[in-house]
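Comments concern the structure below.
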Amino acid sequence: MTSAPIQLEMHPDRLFSSDKTVVAIARELYEEIKDLPIVSPHGHTDPRWFSENQNFQNATDLLIKPDHYVFRMLYSQGIPLEALAIPQRGLQGDRSQDNAVDPLEVWQIFAKHYYLFAGTPSGYWLDSTFANVFGFKEKLCEANAADYYHEINRQLQSPAFAPRALMDKFNIEVIATTEGALDELKQHQKLTGTDFEKRVITTFRPDDVVDASREDFVANVQQLGDITGCDTSNWQGYLQAIQARRQYFIEHGRATATDHGHPTALTADLSLSECEALFQKCVSGEATAAQQELFRGQMLTELAGMSIKDGLVMQIHPGAHRDHNKRIFDIYGRDKGADIPSQTEYVKALKPLLSKYGNNMDLRIILFTLDETTYSRELAPLAGHYPTLKLGPAWWFHDSPAGMLRFRQQVTETAGFYNTVGFNDDTRAFLSIPARHDVARRVDCRYLAELVANHQITLADAKALAYQLTYGLVTKAYNFK
Amino acid sequence: MTSAPIQLEMHPDRLFSSDKTVVAIARELYEEIKDLPIVSPHGHTDPRWFSENQNFQNATDLLIKPDHYVFRMLYSQGIPLEALAIPQRGLQGDRSQDNAVDPLEVWQIFAKHYYLFAGTPSGYWLDSTFANVFGFKEKLCEANAADYYHEINRQLQSPAFAPRALMDKFNIEVIATTEGALDELKQHQKLTGTDFEKRVITTFRPDDVVDASREDFVANVQQLGDITGCDTSNWQGYLQAIQARRQYFIEHGRATATDHGHPTALTADLSLSECEALFQKCVSGEATAAQQELFRGQMLTELAGMSIKDGLVMQIHPGAHRDHNKRIFDIYGRDKGADIPSQTEYVKALKPLLSKYGNNMDLRIILFTLDETTYSRELAPLAGHYPTLKLGPAWWFHDSPAGMLRFRQQVTETAGFYNTVGFNDDTRAFLSIPARHDVARRVDCRYLAELVANHQITLADAKALAYQLTYGLVTKAYNFK
Amino acid sequence: MTSAPIQLEMHPDRLFSSDKTVVAIARELYEEIKDLPIVSPHGHTDPRWFSENQNFQNATDLLIKPDHYVFRMLYSQGIPLEALAIPQRGLQGDRSQDNAVDPLEVWQIFAKHYYLFAGTPSGYWLDSTFANVFGFKEKLCEANAADYYHEINRQLQSPAFAPRALMDKFNIEVIATTEGALDELKQHQKLTGTDFEKRVITTFRPDDVVDASREDFVANVQQLGDITGCDTSNWQGYLQAIQARRQYFIEHGRATATDHGHPTALTADLSLSECEALFQKCVSGEATAAQQELFRGQMLTELAGMSIKDGLVMQIHPGAHRDHNKRIFDIYGRDKGADIPSQTEYVKALKPLLSKYGNNMDLRIILFTLDETTYSRELAPLAGHYPTLKLGPAWWFHDSPAGMLRFRQQVTETAGFYNTVGFNDDTRAFLSIPARHDVARRVDCRYLAELVANHQITLADAKALAYQLTYGLVTKAYNFK
């Protein structure tokens, strides 16, 4: 908690283990893959950044306010979100609110408490960003906070920091954003015809028209009908409308994948008449929580059927208890660091979908989890059998050095490497993308190096696998080539 | 994925960790126990192999078709089971089906995809078998597939590869097969009077007459009556019949243990009249799924009571969701790589049985799990208290280098070493048995070496423990001496 | 299992890892903090020891009979509790029972089976106690059992082994005992005015008047009324009585914290009329198990409200299935090594309490668990967000070298270090306290050293953190300064 600046150094062997035997092998593997392009098939960057290519404004707006990893830690230690100028619900875009707290003040609070991030991935990503993107030589602390802030802001104004220039600097070959089913994809359409057309693509995330527990669900389904010209007051018309939007996302946003953020992994396979009745319950706003859950489950199966037809890869991200903190949700809304993982079951939950489509070689489903206990018990055994299933990387709270290592250690022996799909950064923190992918590459090299040092695979195997884990598998899994 | 052959070398220090301090100690421990006889108290080899002592036919039939670890991985990567000539349900023994696909072709598909097994225990066991049993110097790949196939087949014909000769070569002191309650034990009876009488024994697995959810349950119970001369239409006669079969297995198959593969660990302790009513429901074929589950639970308690009388050690293997893939089950039947672990609860589930018999020093129950979360939370605390309970080794999907290490790391501190029972290979892949036991020995030596290097136990302790984990505990736990 | 005495040596680098790079850094960190005072904010030592300052009597009564870690292991290996002279229920204090078995005989049984503790924390604590407290040079075994016993007894009689002298020798700055809500705190009052007044404090544990499933609950609530003069026949009077007892514990026992040992982490937030009705059910002795559970949950929320007013820190210790072994409970009563952890859910369970008070900066709740799966999935994400929540250290079965390491590895990346609260020994084994704290210090230094060696934090960070984990955080979390 001292405020005296200390050196900020990103050691070349960082994350390669403490074991010198492993470090030497990991270094050799890392040399082979460190300069491969970044492929980012799932994330939440704003497509406007790339379509408009405007420079970012200031360090606080870019690095603190949108990053719930950062402000949840500060909040956990008693710093009110008000003091961090986190925008309140309904007041987004209200400039007066923005001005209520000086962004430099927010930055100074952050710097004063930067010691809290020791040993966390946020701390690692931020240090990497400060050192590698902005060239700082001193670690952020209370004493140098203002200098840091002004220097970041100064650099952000330069042409080299325009979003498209950063895409090149970061060596990002392709990045996928995520849009709701009703999105017009205006930003993606603006990119058509530019050099970035194939580098910035969308992902179809229909939760807004599938999750009947949302307060805006009924209105969304109506709007879905208006946009598509389908009659979304009945089940068949609703399904046709969703299919139409998928096609729209493929044509206008170059989507290759869908994404589904459900509370559980439940799937269902109801009869047509059951589906029709359940749908009517949901669009009438009268569905119980259990019916809403069943409807989400039925829709996963319907969406899998659509994927078989149009080739979109399905990503399922279950298990977050969203907006656990009622007060924070009431005042600030969604995505404010109050989502908490919960226990997630896959074996029974996925059975209806898998009984229907699990052997269909035209379907690819990428499963994620926030419940690490399922790695060795459920996910690896499922993905090591069903040809439709692949495993997404360690996700969200587990997207960290130790978390990634646990993923490999608990998944590989049963699923092998080839039923995994490389790394996802899943972030809205654009500047952290190189650091996040670098962590994944380093941890994968470490894991492979341990297998080599333990004489379980050869160095040649490890080199081939390092390439696959960094570039080959993701490119194939998301149909990028 | 290159097809150029590379060297196949089993490093003498494999699996001993990357840490040189640990390697040196592990090597010293391993030297002490590596030549101890193999004791294999639980597995699924075919007793006919040993009674008839016929040589095996070809590499595909021996190493691929019966090994669901192998073909589940191939299937997960899109290779149809048809292409691997996996026999279809109802067509077993239909030679025309066998001839539909040339076994060399199957072998070539396997070889082409052998890279998929990198980092998996199957890959490790197969490499070990190829190197140590057949003497190959090159790793299997597409280019050498045919040579491999013919060379294996050539060796399989030699007298040194007859099953009994392999028993000697592998230094297997005793191996237990597993038979259903209705089995006549013809193969075991053939062994009576030979040198292998005490080396090949059976295990009593009564699931076929205990699990009322099986389609053949009612017929099985009737057959149980026919065989034993007991009236299995009533509860008491049914229990007597089971006791009679246990005695038969002891006398004609030298059984020392029973085995129970239930979906859960549920036990029950119902009144006599409840038992009678529940039994009638089950044998009438009218039991609900919940009643079938309760009946299995009651039977575990009944079987524990019988064990106290006849001394058979109970093995409980709960937690597999069997035949998860409906299409595969419909076409190919059981044991086709589609069994998936599921979350398993022990603390409440075992309470009825333990309340009745948990303090009885004449009873020994060996618990297994497919749910690693129970190691430190439930199983080690239970086995560290109840004198009846011991813990079986890391099982099935977790019978792997990292899986075994997690078992020791999560069990030892609460249960100690002496509440565990050594290693089980639980395999039908006969040729992999030496490799599987060798993995267990190496991983145990590594674990012990880490404790020594960390100054938690002495080298002398570690040597004594290495002997116990390899030979002493298993021999005692299964009453082999 | 040999009885030949071997050297007992506590290696200076023990528990620092096998990796020499890590060992060197851990040693440097440990040097900095090894002599810091012991702060023991939660445990079960007997306050009478400190108030009366009588010397302990003999090795068996001090080290075996009260330590359920020790006798549960012996029992698991078939040694009857009778042979260990564990006092039977209702016979506590019956001297004839004590004399039934010679304590030397018990000690000899223990010594003969001391090999069972290899690799367990009990073994480690005992070795440490024998070497560091009593100065033994040989490891305990059958051959030296009697010598050990007499030598311990001899030393126990010396003034240096009086409890207060041991407090000084062990460098215990403060130790908290735990008393039920009805306790008069006579021993703590005797300490008032002595040098130990602030060093031996109490903790308010109201389970006896909150848990309506206890056979003595109704009587306890009545006694609560008698003691406080409140009318505990109604809900408001009952709450006032509890508040009065809290105040009493603060004034007469210098309590800074409360403790709650519930079967689950359930909380509730019922209306006033629901509370009144539920309370009446409970005090009438007619509540169902579900109502008793709901009442405990409602009381956690009520107690949190009281903590906001009086400043007592709340400790929640959920998840033990108490007294699992019916026979042992019937004969010997509580705390006889038959408590088993069970799966514990926090995210939904804590929501009612957190919705009401989770953002209140005047409340501090320290959460513990016996279910390690919740570390990364539930507890770290909760504590990394809610300002009221902190995480207690690895608890009970997990208070061990590997258990503590898993805690840090699974908690730190999401919660950081500053949402944890240092170490608790939670023990009734007074002589083991230095060893237990030393294990925590060594394991924390090892964990920090790994982060340094892996270039995730600097050595300067690690030194600051080592101080926090040993002394800073606990002192702050429990309001000791």
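We call the chains A, B and C, going by the order they appear; numbering starts again at 1 in every chain.
Heads up, the rule we're going with is that a residue touches a chain if its C-beta (ideal position, glycine included) is under 8 Å from a C-beta of that chain, and two chains touch if they have at least 3 such contacts.
A quick note: this is a predicted structure, and the numbers were derived from the prediction, not measured.
Asker: Note the rotational component of the Cα superposition from chain B to chain C, reported as an angle of 0 to 180 degrees in steps of 5.
Answerer: 120
Asker: Over half shared numbers or under half: where do the identical copies chain A and chain C land at their interface, same or different?
Answerer: different
Asker: Could you tell me the distance, in whole angstrom, between the mean C-alpha positions of chain A and chain C?
Answerer: 40
Asker: If I count partner chains per residue in chain B, which residues reach a count of at least 2?
Answerer: Chain B, residues with two or more chain partners: 17, 19, 373.
Asker: Could you list, by residue number, the parts of chain B that touch chain A in their complex?
Answerer: So the residues of chain B in touch with chain A come to 1-2, 6, 10-11, 13-20, 72-73, 75-78, 115-121, 124, 321, 324-328, 337-338, 340-343, 370-373, 397-398, 400-403.
Asker: What residues on chain A touch chain B, complex-wise?
Answerer: 17, 19, 21-22, 345, 347-348, 351, 354-355, 358-359, 361, 373, 376-378, 380-387, 389, 409-410, 412-419, 449-451, 453-458, 460-461, 464-465
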